[in-house]
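As written, the chain order gives the labels A, B, C and D, with residue 1 at the start of each chain.
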Amino acid sequence: MSQKVKVAVLGASGYSGIELLRLLLRHPHAELVAVTSRTLAGKTLSAEFPRFRKVGIADRLTFSNPDAAALKEAGAEIAFLALPHGVSVEYAKPLLELGIKVIDLSADFRLRSAEVYKEFYAHEHPAPELLSEAVYALPEIRADEIQKARLIACPGCYPTSILLPLIPLLKAGLLSADPLAVSSMSGASGAGRNANVSLLFCEVQNSLRSYSVPQHRHLSEIGQELAIAAGREVKLSFVPHLVPVYAGICTTTFASLAPGVTLEQVEAALQQAYADQPFVRLLGRNQSPDTKHVMGTNFIDIGWALDQRAGRLILMSAEDNIGKGASSQAIQNFNLVCGFDPAAGLQSV
Amino acid sequence: MSQKVKVAVLGASGYSGIELLRLLLRHPHAELVAVTSRTLAGKTLSAEFPRFRKVGIADRLTFSNPDAAALKEAGAEIAFLALPHGVSVEYAKPLLELGIKVIDLSADFRLRSAEVYKEFYAHEHPAPELLSEAVYALPEIRADEIQKARLIACPGCYPTSILLPLIPLLKAGLLSADPLAVSSMSGASGAGRNANVSLLFCEVQNSLRSYSVPQHRHLSEIGQELAIAAGREVKLSFVPHLVPVYAGICTTTFASLAPGVTLEQVEAALQQAYADQPFVRLLGRNQSPDTKHVMGTNFIDIGWALDQRAGRLILMSAEDNIGKGASSQAIQNFNLVCGFDPAAGLQSV
Amino acid sequence: MSQKVKVAVLGASGYSGIELLRLLLRHPHAELVAVTSRTLAGKTLSAEFPRFRKVGIADRLTFSNPDAAALKEAGAEIAFLALPHGVSVEYAKPLLELGIKVIDLSADFRLRSAEVYKEFYAHEHPAPELLSEAVYALPEIRADEIQKARLIACPGCYPTSILLPLIPLLKAGLLSADPLAVSSMSGASGAGRNANVSLLFCEVQNSLRSYSVPQHRHLSEIGQELAIAAGREVKLSFVPHLVPVYAGICTTTFASLAPGVTLEQVEAALQQAYADQPFVRLLGRNQSPDTKHVMGTNFIDIGWALDQRAGRLILMSAEDNIGKGASSQAIQNFNLVCGFDPAAGLQSV
Amino acid sequence: MSQKVKVAVLGASGYSGIELLRLLLRHPHAELVAVTSRTLAGKTLSAEFPRFRKVGIADRLTFSNPDAAALKEAGAEIAFLALPHGVSVEYAKPLLELGIKVIDLSADFRLRSAEVYKEFYAHEHPAPELLSEAVYALPEIRADEIQKARLIACPGCYPTSILLPLIPLLKAGLLSADPLAVSSMSGASGAGRNANVSLLFCEVQNSLRSYSVPQHRHLSEIGQELAIAAGREVKLSFVPHLVPVYAGICTTTFASLAPGVTLEQVEAALQQAYADQPFVRLLGRNQSPDTKHVMGTNFIDIGWALDQRAGRLILMSAEDNIGKGASSQAIQNFNLVCGFDPAAGLQSV
């Protein structure tokens, strides 16, 4: 029988947190030894989340207050931080000092530059010395670094859906310098599990709308990673939209091919990057991905088309924003860090 | 008491048709004298559409087979065609010959060029001589022509949402020649009321997906009207998406300003075009329109933003695809043709 | 031109309140002179509810603090109270004393007995002397009293859907004394527009659940009105369910026929009661009403069936919970109080 | 490594079939050797169901025409029939004759009486000799018989949700002879994956309605099983409702306690029956189950309440109609037939 890695989850009361617990409760190589939440301290997992009744240890495991020393004592080897932006950083430092590796789902360690952080998040970064150590953890792009890391910054939901189709093309120099235009739609779970009138069923159900125009915070990490891939600054406009589904992100990107580049070259670059990746599915030319086929999974589906009239390449992707866009990608990183089969615990479709 | 205009509706079994009937049953200056449908002939309106029980004449008016002479005999002065593309044209000709004005909701008379029609609809146009007479009827843009017309081509749902924000800017020469990138989301009513597995509740509810990439048929009329406004060809990429709402279109357009143009000039052009228009609502800078505020109405809401990092103007609009995008816009045109108050019968919010 | 009655709306920030404003903004015989809300004081109607931009006086009318004297000064003749339960009563008294008639949408004046009120609402009724004056205002049942009343208690949403099918049968003595079993489903707008995690889109969208079992507060008014109709106590179990629609109530009632009673007698009693009522639609035997046909209207649709195996009568009804179940029924009562056409302002379908 | 049982699935193109494939593709002890469908013959699983791309053998396994001999040749030991009612019976007989055990998800073998079958299904049963052999396979009630059976009739979705709460109470004699009243709500997947206008997204999304009133076909099997548990005929009225969710059944049952019976006795009977069952979760007194907590799982959640005013016991249950109500229950039966851990392959939450 396989030995299990002892893990803790900090701040598991939001939609990504619940999804993370769901995946960990069934992971063959993970043992959940602690779950923390200030507001839920003392309750069992299944008392708060009735979905988990009679599932694994959910009827017995109790939320505790977050405390690095206590987590160490509980034997935690790896801590998942499903905390709000700005809060993760408070816990990451003491956990790392105690030798506990950190897989963070917040935005706190995604940026390499403390200045860009300040520009987009409106305050000084509290631990800039950790930014150079953290790995921006797209497992299809940076597996080697992730395997060796002790501080994993899981990418944001929108960025994952935007970056994976673009990075191989930018690396291969297939796109022109024209600004990219990116339009994304996300389900309401991306907006969090907060008591907020604008997120009520009655407000969301018949609503289609953009938000955070023109400068969503995710632009900072998207820009950073595109620049690394391209070896130059990459300009883009990004408009996210909220649509009435529980989960799912559908992204459409308009790009311009560099002079002389053909669609066949685009396809070759995508195939080379992802044909052997278990969680990237290349659908083919003029094929539209559909979020319903990736919901609850770690897959990202990618399609593409050439609009010859306007001279534009159209890239399309679909993922589960709390799956590949957050929690299952965190598990994928966990598997890399621990040396497990990349698909361990991610078998559900 | 006002005299009423006698109207007929041909082919009212789809979602736009039902919406048209809803509006006509309550219109203060319209008298519904005939409703045709081959498949429903003999049934009363309310037998087919239980929503209309005890509403106006819906319990008494019976669907008949479509026949121009019979409609003339019934006294019809104006005929609304809510027929499939390619079918409207068959009826428009005999109706016009009998002196009945035609307000067509299909795509049959939207294009000025029979060649472009053939390119996008894959067959010869059956009555090209009518194309020069028909008016592409955006009431905010072309009221004078509509008032005098006897053949009204109501714009498509996507085109309405895309054209209204862009036309004043192109007329004023505020946009550069860069290709536009347009991303739209539409509710499922836009896909029609047809027995089709891909439109079942269970297929649509958790689904976000693009379709008809890269060349949706509506590109033809959008291109035509943008070129007229700009006085030059205007290139654009257009990606429509299907999302799980009954109705509503939310459109986001990425454009480039011409050199030296400011956002203030954009705002002035929009204000000048629409401040006095009863059904266009300008929301302001960085304001995202929301389809829930226009559902069931004839309003289109427009917002805009300048993305200075990428040097892009972002235009955003929201409309009801079967309202301003189809049936209530048809009523707005009807009011123009008949010389009624532009808002007659369109008071509902 | 018709003279208009000056009306005020107190507390119009919830879903019933918005629906009430929507109906009043377009009512041909109502002039909205004041809208109150402590939290929204100073804002215009359309600033808070973007749906109302460019509609009637919504861009100019400003929310004020609720104050009976100020409303009198503004000329209000009738006040609609769309306030929470327990708050309406505070305002009803001073308004009545100033000669302003009150149409209350809360539960504060629905019960005749202060004791029953205390049992179900857990505190003493603050103005028991008004309970005998108030009229429980089902317009199909009690039009005469409503016309003369100065204090109108609009029935609850569930009670309306349950009482209208049952009252004619109980009056005619067609049902046995067996306890009734009532199962209702309601859209989320019935739960209010409050910042509450359990009402978030992500919590409601995939959820079907009962609540307030076994004793929902509406049982008190249902029991009261059934007893009046039957001339005896009528026992019933009532289980409400929350389902993922914006609005709509679908009610199924299981009853036992009195010995010897036939389904034809049931049908005759329903026809006699409602055939001439403009807003009750009798669908017929074995016909299931559907909330989608009554949404946004003042209709209630009623069907019925006899289950001969179990010896049970099944009554089925559908209404819009914020329409016939709240705001449009309030308008129907307003029309009665003012002597207008019963359908004035209720023409939308 | 565990040996795997070779299984075939016949007719896997509906929602239960897709769910069954999903569960079998990941089942640790099942090897999918054949999938049949006349209409899909020649396609791979993942070509038809894009969700299954890159999942197990879904990219390689091809639909074949249904043929018992070919399935035998392919090595199938157990065949799941996810065929329409009336079609399963055609295949069950030859499969059984070839020694292949049959787990049928249709209604073909649920009734013990060919006469009752004819009454409810309107034609003679084609293989009445098999009815006595088939086991009505509620695994919590009839595990011993299921283990030995070669023809398994999986219960219907509504019956599972109705029978599990009632059977222990009827066995213990706790309910009176009054007719039961049962109201159920089901998601649209229960209505099948057929091209049918009434099941379109736009028809279902805003709709709440009952159907098949007063005599749904499932009444036959419910009545049969209740009578077996009670040792007497049990009368019930049953009204199913269609509501806008993908999946989930929420059932509310009104019953009368036998004289002198207390709620504690009811609770004791439920605890005794189900405390040790892995897939039945007893929520407690006045606790309403919620379908969102059982979606995608094999759980059924049960709550109860005593309505003392009306003297009624209220039983409430929630299940996934294509999970515990169909496909995952079929897997639970498969595990019993094969002697596997009851929860094998049913770990997902």
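To be clear about the criterion, a contact is a pair of C-beta atoms (placed from the backbone, for glycine too) under 8 Å apart; a residue touches a chain by one contact, two chains touch by 3 or more.
As the structure is a computational prediction, the values presented were derived from the model and not from experiment.
Engineer: In contact with chain B and with chain D at once: which chains are those? Just list them.
Structural biologist: Both chain B and chain D are touched by A, C, going by the contact rule given at the top.
Engineer: Farthest chain from chain B, going by mean C-alpha coordinates, please.
Structural biologist: D
Engineer: Counting only Cα atoms for the centres, state how far chain A is from chain B in Å.
Structural biologist: Chain centres of chain A and chain B, defined by C-alpha means, are spaced 39 Å apart.
Engineer: Could you give the separation in Å between the centres of chain B and chain C, each centre being the mean of its C-alpha atoms?
Structural biologist: That pair's centroid distance is 37 Å.
Engineer: Taking the mean of the C-alpha atoms as each chain's centre, how many Å separate chain A from chain C?
Structural biologist: 46
Engineer: Residues of chain C that contact two or more other chains, please.
Structural biologist: Residues 187, 203, 205-206, 244-246, 290, 292 of chain C each touch two or more of the other chains.
Engineer: Would you mind writing out the residues of chain A in touch with chain B in their complex?
Structural biologist: Residue positions touching the partner: 178-181, 183, 185, 187, 203, 205-211, 213-215, 219, 235-237, 239, 241, 243-246, 248-250, 252, 254, 286, 288-292, 295, 303, 305-312, 314, 316, 318.
Engineer: Which part of chain C faces chain A closely enough to touch in the complex?
Structural biologist: My answer: residues 15, 187-189, 193-197, 199-206, 244-246.
Engineer: Touching residues of chain A toward chain D in the complex: what are they?
Structural biologist: Interface residues on the chain A side: 22, 25-26, 50-55, 278-279, 281, 283, 290, 292-294, 296-297, 299, 301, 347-349.
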